[in-house]
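Following are the structures in question.
In the two complexes that follow, chain A is the common piece, with chain B as its partner first and chain C second.
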Partner chain A sequence: MAQPPISRGFRGRKPPVQSDRIPPGQHLVHDFPVLSAGPTPHAPLSEWSFSLDQGGKALKEWSWEEFNALPQTRLKTDIHCVTTWSKLDTQWRGVSIDDLLKAAGLAEPPGDFTMAHCDGDYTTNVPVDDLAGGKGMVATHFEGEPLAPEHGGPARLLVPHLYFWKSAKWIRTLEFLDSDEPGFWEQLGYHIYGDPWQEQRYAGD
Partner chain B sequence: MIRNGSDSAVPRRLQWQTAEVSGLIDETPRVRSLVLTLPDWPGHKPGQHVDIRLTGEDGYRAQRSYSIASAPESENVMLTVERIEDGEVSPYLSIDVRKGDKFELRGPIGGHFVWTSALQGPLFLIAGGSGVAPLMAMLRHRAAAKNKAPATLLYSSRAFEDIIYRTELERLAAMGDGLKIVHTLTRQQPAGWAGGARRIDRAMLESEGFPPAARPRIFICGPTRLVESASQIMLDLGHEANLIKTERFGPTGG
Partner chain C sequence: MQPHTNDAPLDGNAAGGLLSELFAFDVTTASVICEGCETQGEVAQARVYGGTMGALLRCAHCDTVMIRLVHTPHGFWLDMRGARSFFVKPPAE
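And now, the complex of A and B:
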């Protein structure tokens, strides 16, 4: 649209100092909103496992104890939700995708794309290039505390440079694929990639 | 007729369009509904939302999501906005906006928190405050489609004067088409109040809802805390997770 209509009398809240860290159409929050499509799963840790899969088979599977014994990565990063909130300097701890591949004995990621599978049947697709090379992790801690169930605990994917629905809550499997396939929200009209700086909220953006 | 871009294999691109405010309805002291006229509306399903974008005179923009409260059968699109005191956008929409004002809008968005009359089985709607908006779209659609499957709305408000759509809900419940409406008032009840007088809890969900064997479709919308607790209780009562759909408006959880 060339000339958006002016909303008479709308002043809004002026962007705060670090506005170069806030993507277009986003606004800053200080709390941590919760968005999910259904009830929050509460799987007992004794039954929890995480696996890297390919072609319907597990390449490697970890129990909760085994997973927590893997090398830990700390990350301080900004996150951006498609419902327009952004939060700066969030602190996470977990296992990087690079370390997971290494621990599974994989020199190379076994596919160019991934699908995250979660408790509650949620899925989301992320290209491998957006996870490997230090870009993504499976996070188990937020701000020094175990990740709360409503925020995706015990473990969620963390891909902070994409809209936050890609950081799938309650992740249990990362499946490697040769082609990019749409996940849950992506099949419901959300963008296949979801770059907040390009404002890729919905299909076609 | 309900048409929706997200049904086709290639979703329709969501374009911004200019909405004009053609009507305003004061629902409660803190809530106002906006009736919008849109140049190009493809139709929606009850439960979907839109994104709106305001542009100030200096070019400053702000964007937020609002549920569609009107039925797909309705001429216009209605949004219902609750004023958050320190909010950036909701005070503007719920106080300042006048008839004839314009802003950008795109949608409909979302295909998960959706109910249409074609779905079988009883319908159990659970709302807190303005979370009733997308559920109202479902009830208005249900009435327009003359659906007579049993339905219940369990609706929590702070006080009697905070009940949104109160007279229309009374009218819908009086139609005798299988709809039951149960109010609970959490902070203040008028003298002689016969409805609930506490937050939505397990006893209320169990006695007002349908048994799990009836496989009701359950939609829960409102503040995060209400949605978290009600959805957990419904699971504990034995309802299947894939029949429970949630939409969280905020405020934010811990």
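And now, the complex of A and C:
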């Protein structure tokens, strides 16, 4: 799982840590730690679907094949886990929330807030403003390879500017809501928003 | 990087230390009835997930989250909605 930094061998020594990219209280890692709220699902892709929901009804649903036919977005970004590791320059591919809305025929997001629903009864809440406008995607590939199950494959939410528990693994539904509601960890004392640069780890921070 | 990994769950004993910070008895010796499948089993038989974010004890039969416990700098958060009831034996004489 551990991947050496690209071109480290050419320089012969570690590049200096770019502290302006490491939020307060975080440290840099080069591996990709696994943290799961439940067992890794291994359902066949033929049974996988993804939907945009509102009020308990699907606005649009895609099969795995249909989902992969949607416009693809590539993103190189830093990620920050609340357990204090940060990883720089991770490369992702998937479908942006903007393209999902467009493909569902929605001119505007049908609510100001969302709840991501995932296999294993995991949920997390993210405001629409933190997903639309190129800020979030449903990712299916990591470093050029299909996303591994332990890292959230076949598909996970990716909201890299918030703590990584918001980038929900094994996402199946993005539900639009009129008001913000706490998700799985947010009901257990973690911060409702989770901005790593404000160090919003816990409720009350 | 074993300390970072919780893909393979530990059993309920792994959460014993954290639970005993909150409860006056050893909760891992209690039995619990799962809200999801109504199976009764020892807390020690539950599967623990959550890594360093918290202790999530899932039913070994149906994966329902029975106990959720997080220790933040501000205090403990405990959610037992997935546990219907507990049976605790009195301490041995």
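The rule is simple: the second predicted complex is superposed on the first by the 189 of 205 C-alpha atoms of A that agree within 3 Å, B and C clash if a C-alpha of one lies under 4 Å from a C-alpha of the other, contacts with A are read in each partner's own complex, and residues count from 1 in each chain.
Assume a residue touches a chain if its C-beta (ideal position, glycine included) is under 8 Å from a C-beta of that chain, and two chains touch if they have at least 3 such contacts.
The model shown is predicted, which means the values in this text are computed figures rather than measured ones.
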Quick check on the superposed pair: does A:G25 touch chain B, chain C, both, or neither? Answer first, second, both or neither. first
For A:W48, decide between first (touching chain B), second (touching chain C), both and neither. neither
Comparing chain B against chain C, which has contacts with more of the residues in chain A? B
Thinking of the overlay built on chain A, is A:Y193 touched by chain B (first), by chain C (second), by both, or by neither? neither
Partner chain(s) touched by A:A148 [first = chain B, second = chain C, both, neither]: first
Just checking: does A:G120 make contact with chain B only, chain C only, both, or neither of them? Give me first, second, both or neither. both
Does chain B (first) or chain C (second) touch A:S36, or do both, or does neither? both
A:W165 contacts which: chain B (first), chain C (second), both, neither? second
Mind sorting out which residues of chain A both chain B and chain C touch, each in its own complex? 1, 31, 33-40, 83, 120-121, 150, 185, 188-189, 201-204
So in the complex, the part of chain A that touches chain C is made up of which residues? 1-2, 31, 33-40, 82-83, 85, 120-121, 150, 165, 185, 187-190, 201-204
Under the touch definition given earlier, write down the residues of chain C that touch chain A in their complex. 1, 4-7, 9, 47, 49-54, 56, 58, 63-65, 68, 70, 72-75, 77, 79
Chain A-touching residues of chain B, taken from the complex the two chains share: 5-6, 10-14, 16-18, 51, 53-57, 60-65, 88-89, 92, 96-98, 101-104, 106, 109-113, 224, 228, 231-232, 234-235, 241-242, 244-246, 248, 250-254
Interface with chain B, chain A side, in the complex: residues 1, 4-15, 25-27, 29, 31-42, 83-84, 120-121, 148, 150-151, 184-185, 188-189, 201-205
